[in-house]
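Going in written order, the chains are labelled A, B, C and D, and every chain counts its residues from 1.
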Amino acid sequence: MKNSYAVVVIGGGIIGCSIAYYLAKGNIDVAVFEENQVGTKATSAAAGMLGAHSECEGDVDVFFPFARKSQFAYEKLKDELYELSGIDFGYRKGGILKLVLSEQDKQGLKAILAQPTVSWLATEEVKKLERDVSPHLLGAAYIEDDVNVLPIGVCQAFAKSAQILGASILESTKVLTVEKQNNIFLLQTTRGVVEAKHVVVASGVWSSTFFRQLGLDHQMTPVKGECISVMGEKAVLKHTLFHDKYYVVPRNNGQLVIGATMKENDWTDKVSLNGIETLIAKAKMMLPTIADMKLDSAWSGLRPQTFDQNPFIGYHPEDEGILFATGHYRNGILLAPATGQMITDLILKREVKKEWVEAFRIDRRKPLTV
Amino acid sequence: MKNSYAVVVIGGGIIGCSIAYYLAKGNIDVAVFEENQVGTKATSAAAGMLGAHSECEGDVDVFFPFARKSQFAYEKLKDELYELSGIDFGYRKGGILKLVLSEQDKQGLKAILAQPTVSWLATEEVKKLERDVSPHLLGAAYIEDDVNVLPIGVCQAFAKSAQILGASILESTKVLTVEKQNNIFLLQTTRGVVEAKHVVVASGVWSSTFFRQLGLDHQMTPVKGECISVMGEKAVLKHTLFHDKYYVVPRNNGQLVIGATMKENDWTDKVSLNGIETLIAKAKMMLPTIADMKLDSAWSGLRPQTFDQNPFIGYHPEDEGILFATGHYRNGILLAPATGQMITDLILKREVKKEWVEAFRIDRRKPLTV
Amino acid sequence: MKNSYAVVVIGGGIIGCSIAYYLAKGNIDVAVFEENQVGTKATSAAAGMLGAHSECEGDVDVFFPFARKSQFAYEKLKDELYELSGIDFGYRKGGILKLVLSEQDKQGLKAILAQPTVSWLATEEVKKLERDVSPHLLGAAYIEDDVNVLPIGVCQAFAKSAQILGASILESTKVLTVEKQNNIFLLQTTRGVVEAKHVVVASGVWSSTFFRQLGLDHQMTPVKGECISVMGEKAVLKHTLFHDKYYVVPRNNGQLVIGATMKENDWTDKVSLNGIETLIAKAKMMLPTIADMKLDSAWSGLRPQTFDQNPFIGYHPEDEGILFATGHYRNGILLAPATGQMITDLILKREVKKEWVEAFRIDRRKPLTV
Amino acid sequence: MKNSYAVVVIGGGIIGCSIAYYLAKGNIDVAVFEENQVGTKATSAAAGMLGAHSECEGDVDVFFPFARKSQFAYEKLKDELYELSGIDFGYRKGGILKLVLSEQDKQGLKAILAQPTVSWLATEEVKKLERDVSPHLLGAAYIEDDVNVLPIGVCQAFAKSAQILGASILESTKVLTVEKQNNIFLLQTTRGVVEAKHVVVASGVWSSTFFRQLGLDHQMTPVKGECISVMGEKAVLKHTLFHDKYYVVPRNNGQLVIGATMKENDWTDKVSLNGIETLIAKAKMMLPTIADMKLDSAWSGLRPQTFDQNPFIGYHPEDEGILFATGHYRNGILLAPATGQMITDLILKREVKKEWVEAFRIDRRKPLTV
């Protein structure tokens, strides 16, 4: 292990690995320090919907263009990362159907239906796309652009591609403390002390440690999400179904992923029986035939939630040597490419859209309304 | 592989392995032919309650003494098999609480409560034993003798002990056909032809193949049972809870097993979402705090059901060279030792209780009432 | 379950599922009966090299064009099956490098190097493609067309696509016996009796059962193959490495598969320590850096070997109602599409190349030399 | 979660859980904070030999009586913890055979053979105990008292029993910092701030974090150990075999554990191919027939190594509110009960043997010679 890097990223989830990739592409000497294995925590727990639209339910001025940029980036990354790393991250078209099962559901979709890339499908049209959908269906918003990916695949492809471009990925390595001495950061790690010119905190829900050490009092709250998967049987689900923040996502291997519960402040990492009950009930509402399908696996992850549910991306208020890229809540997979790009641009002092800098700065006063 | 044995047992579940053990103990040259691995089908799916009482709900004249004999045998086998094989099969005391949550439940327990070894506990007494039990409890039948074991452990301990005493255990080996020539049985197997003086069919739900080849038209119907397990948290469950054919069984490693659904004629071997829903609902009725516990695993097995739900144990109606030991339905683990002993006694022409021979013979006309 | 089909295929491995797919495409009412789950035996154990060239070491007149036809079919199937089933079977380009580590190795490649699609690479050129390859390398035969796939993905994609086109896939269902009555075949299965106009035996190493029932005395010998996988680290392997019947295959998820031992007449299905020792030694010869990579999983499968190591594809010698498609030995994945097509053509009485009919008929006298 | 405890233990491995158990038994209000799950790191990786003798190769004045005391404690804990927690931790008699395969091996056993509880067995006698042992055997030291346990079972039984006696076990909870304010310790954790009168650092190889925060510059070096297990076949191994720091340990479920490599400064947590090669080679030296047994699983753990390979057990040099119980290297399972007892005695100001206090104090100058 070298003992000096231009940039050290703390955290090897999809955000940290995306940052490493874009920095390595920009010829920056970057290292990622990851306590466990790359992508094994919140990243691998995510379903992988790239829901630029489907996750967006309010104001769409700032968050939405950022999310769309990130979503588009995936299309190119698919080939770019495969070429470098040999890893296929399971980019899957089809789009999302936001199901309407009540009048209230329909009200909730008004903003999204105003988008030019979102279309309204009547019940008959939805049934043509997915014949086994709920008999109580009143229609659906169809968002063809909201494709999905295999999150652990994306993260490993980022990590390996970054390595090939010269980055260091140090797994099973904890960063204990970060201090500044003479304009250089010293990081105590379980493998010894390393120096860095820049430090990026990308530790998801575990970022609070570093907020505190770096003089900030921000909080990250875990919102645990539980998922189960089944092997799809008989008919094939071709589109992601979405209702009331729950979803059924088809994977490239024939699996259907059902997610996800929302358990605030639950730090445990197994799946509870009541979580499973909820997931089964919600999935049956969308796709009644799923009741006969067979359980394949169950898992959970901790979404990192900030005070306004939007990420912190940008400089420390008092030190441009420190950057944050954390708190992506339900949107870590979607926003990973744009986040990696933005952090790289900030470090390389390239231009970054002012409204994004403002919107995602850690010391913002007002919540970003989405 | 030898090509001649005194006895060939077809099927290496807990029944087949018990038979091999008792035959080997009697110095008989026995081989078990098992398609997969020893104990991997219905045996390993069982929860392992030795419910001589709890499974017995009607007439108790024949089945009950047989079951009790088998249950007692376990106490001695525990040390005997450990000594030989080094395998501890997790014999666990504590007993079973048959919970009464309604007047109807109470009616159903009348017969069992008449047994001298069964006692009635008032709600308060039950709560002293298990404080987290349902708030709707009206009392419970307590059967201290109904202990439990780890079924796969029993099966492997039988198999290995049999081997040490000289038996052959041939895994990954299918028996295709059984024919008689000059008073010797010829078995075509995937490893070649073997001869045997006696053949014992102990193939559970897959026994029908051999019924047909051997001139019988009996049917075996699968009754699939699905189970899940959780890691027990906080308080410890010390007794098995039982209600309406469902149960929560504590294991020696701290796990709680929740079982089991009853799906007639379902041959598939995975666990469906609706099965899991049922299990969670039933477990919560007995032990509400289980809702917060974490899923550990899910599995299923096929109970072999005969026309009257009681096993076939004994000779072929027209040929004493062929024996059956199959169709144990919900009671394979409980009855394994007594079945192994009885088949061995029949082969060695030792005395066997006449009422058992009559009750379990494959060509019985009347159902055995239990 | 229906009780009558035009065609019943016995065995739901990649061969049986390919047959079902092509028959369903031809509007034939076909059912597959599979004892376990689709693709869980030899199919899922295979590495998935489509080695039309790399498996071909002698005469190339008959086997090679058949293999090439099958290999080409995969290119089209990739999209065709994804479209229908939503399953991506991991088609992966790169090709195979048959490494030469000794003069003797080089002699062995003469025939293959005569093929126009095979090129000789000097050591330096190989190192440009794969920098971590053995320092003892003398060069390599490079076969760009020998791509690879994920076998279980292919099998499930075939099965699900067949289902969507109308086929029945019956898992957890054993066929016990096949008899002919009045020009109709009656199959006893664990789910009851079914009728069929045609029966196709596609049961791999377990086909002997049916040979015998159908009046043939052919033998199928298992040749067990053991594999391990590691997570590829640091550098990426982009091409399959092959030496002395062993290989290291890169997968789309970043895994490297190391295979495979050859254990004749071993029916067991776990991986032995000596098998692992051999695999590690062979992999280190090809790629020394693999020694530091981490074990991911280990598994095995039984290759079905006929007397001349070539498959039986075609009619029963005395009854065109019965067909065989089994005994594919090391080449089941490669030959699955061509086999499915050929069986379908035979059943539909379409024209089939005479030399293939001759070469693969079950009653051939002379071995097919490959 | 409460926000104040008498004692907070950092680390929920077997050491931390033992401490919690003995403190809870002493009616102390104790909480364990564990980052992951109880017992999932070094604890669950251990084989579980209670090798008071077998690990002892030099001076035996201090370490040996401490180890023996701990070993004896297990005999009583077996029933005591089962009674409370319902968990059976697989205490298994049989003892250890330290095999002698060379003259040099024999020299190395001199000290140990001087112990009254160790006996020398000639080759013939060893073969009577274990018939499949190496043909190159020259004899063995037999230590009947060195029994073994299932480490994860012990740890969970300690944790659950502690809970039942009133302790708090907080999993998925990191302690970030420890500070003293007005004679009270404040711990920042991922679940918020908690207060404690005493803090015990029991974090194994990850303890360095807290050394540093608490003003000490001690180092903990990981010595990674890799293990594999096989299912024991045919003959049964009844005794642990030990040679050259490697061993084959029989488990109560019929498994044989083969361990363990020694990789200094390797923080990764998977098993490398070269590690597996070494384990297989060493196991074959002791028990040649193991080569045909089947791989069951592979895992690794990080032994926490101090400068002299002996643990730190006792007070912080300048603050009796802080205690350490870490650095148990190869002996964490063996020493857990004695360590838990000693820390409890120190906190409760009960008498503790002076030579143990001296030997294990963190600021000892001279290495403890063992």
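Here is the rule we use: a contact is a pair of C-beta atoms (placed from the backbone, for glycine too) under 8 Å apart; a residue touches a chain by one contact, two chains touch by 3 or more.
Quantities reported herein were computed from a predicted structural model and do not represent experimental measurements.
When the partners of chain B are compared with those of chain C, the chains appearing in both lists are A, D.
Farthest from chain A, judged by the mean position of CA atoms in each chain, is B. Once the centre of each chain is set as its mean CA position, chain B and chain D turn out to be 38 Å apart. Chain C and chain D have centres, each the mean of its CA atoms, that are 48 Å apart. Shared interface positions of chain B, defined as residues touching 2 or more other chains, are 268.
For chain A in complex with chain D, the residues that touch the partner chain are 37, 171-174, 176-177, 188, 190-191, 205-206, 208-209, 212, 267-269. For chain C in complex with chain A, the residues that touch the partner chain are 84-88, 90, 92, 153, 156-157, 160, 163-164, 232, 234-238, 250, 252-254. Listing the residues of chain A that touch chain B in their complex gives 230-231, 268, 270-274, 276-277, 280-281, 283-284, 290-295, 298.
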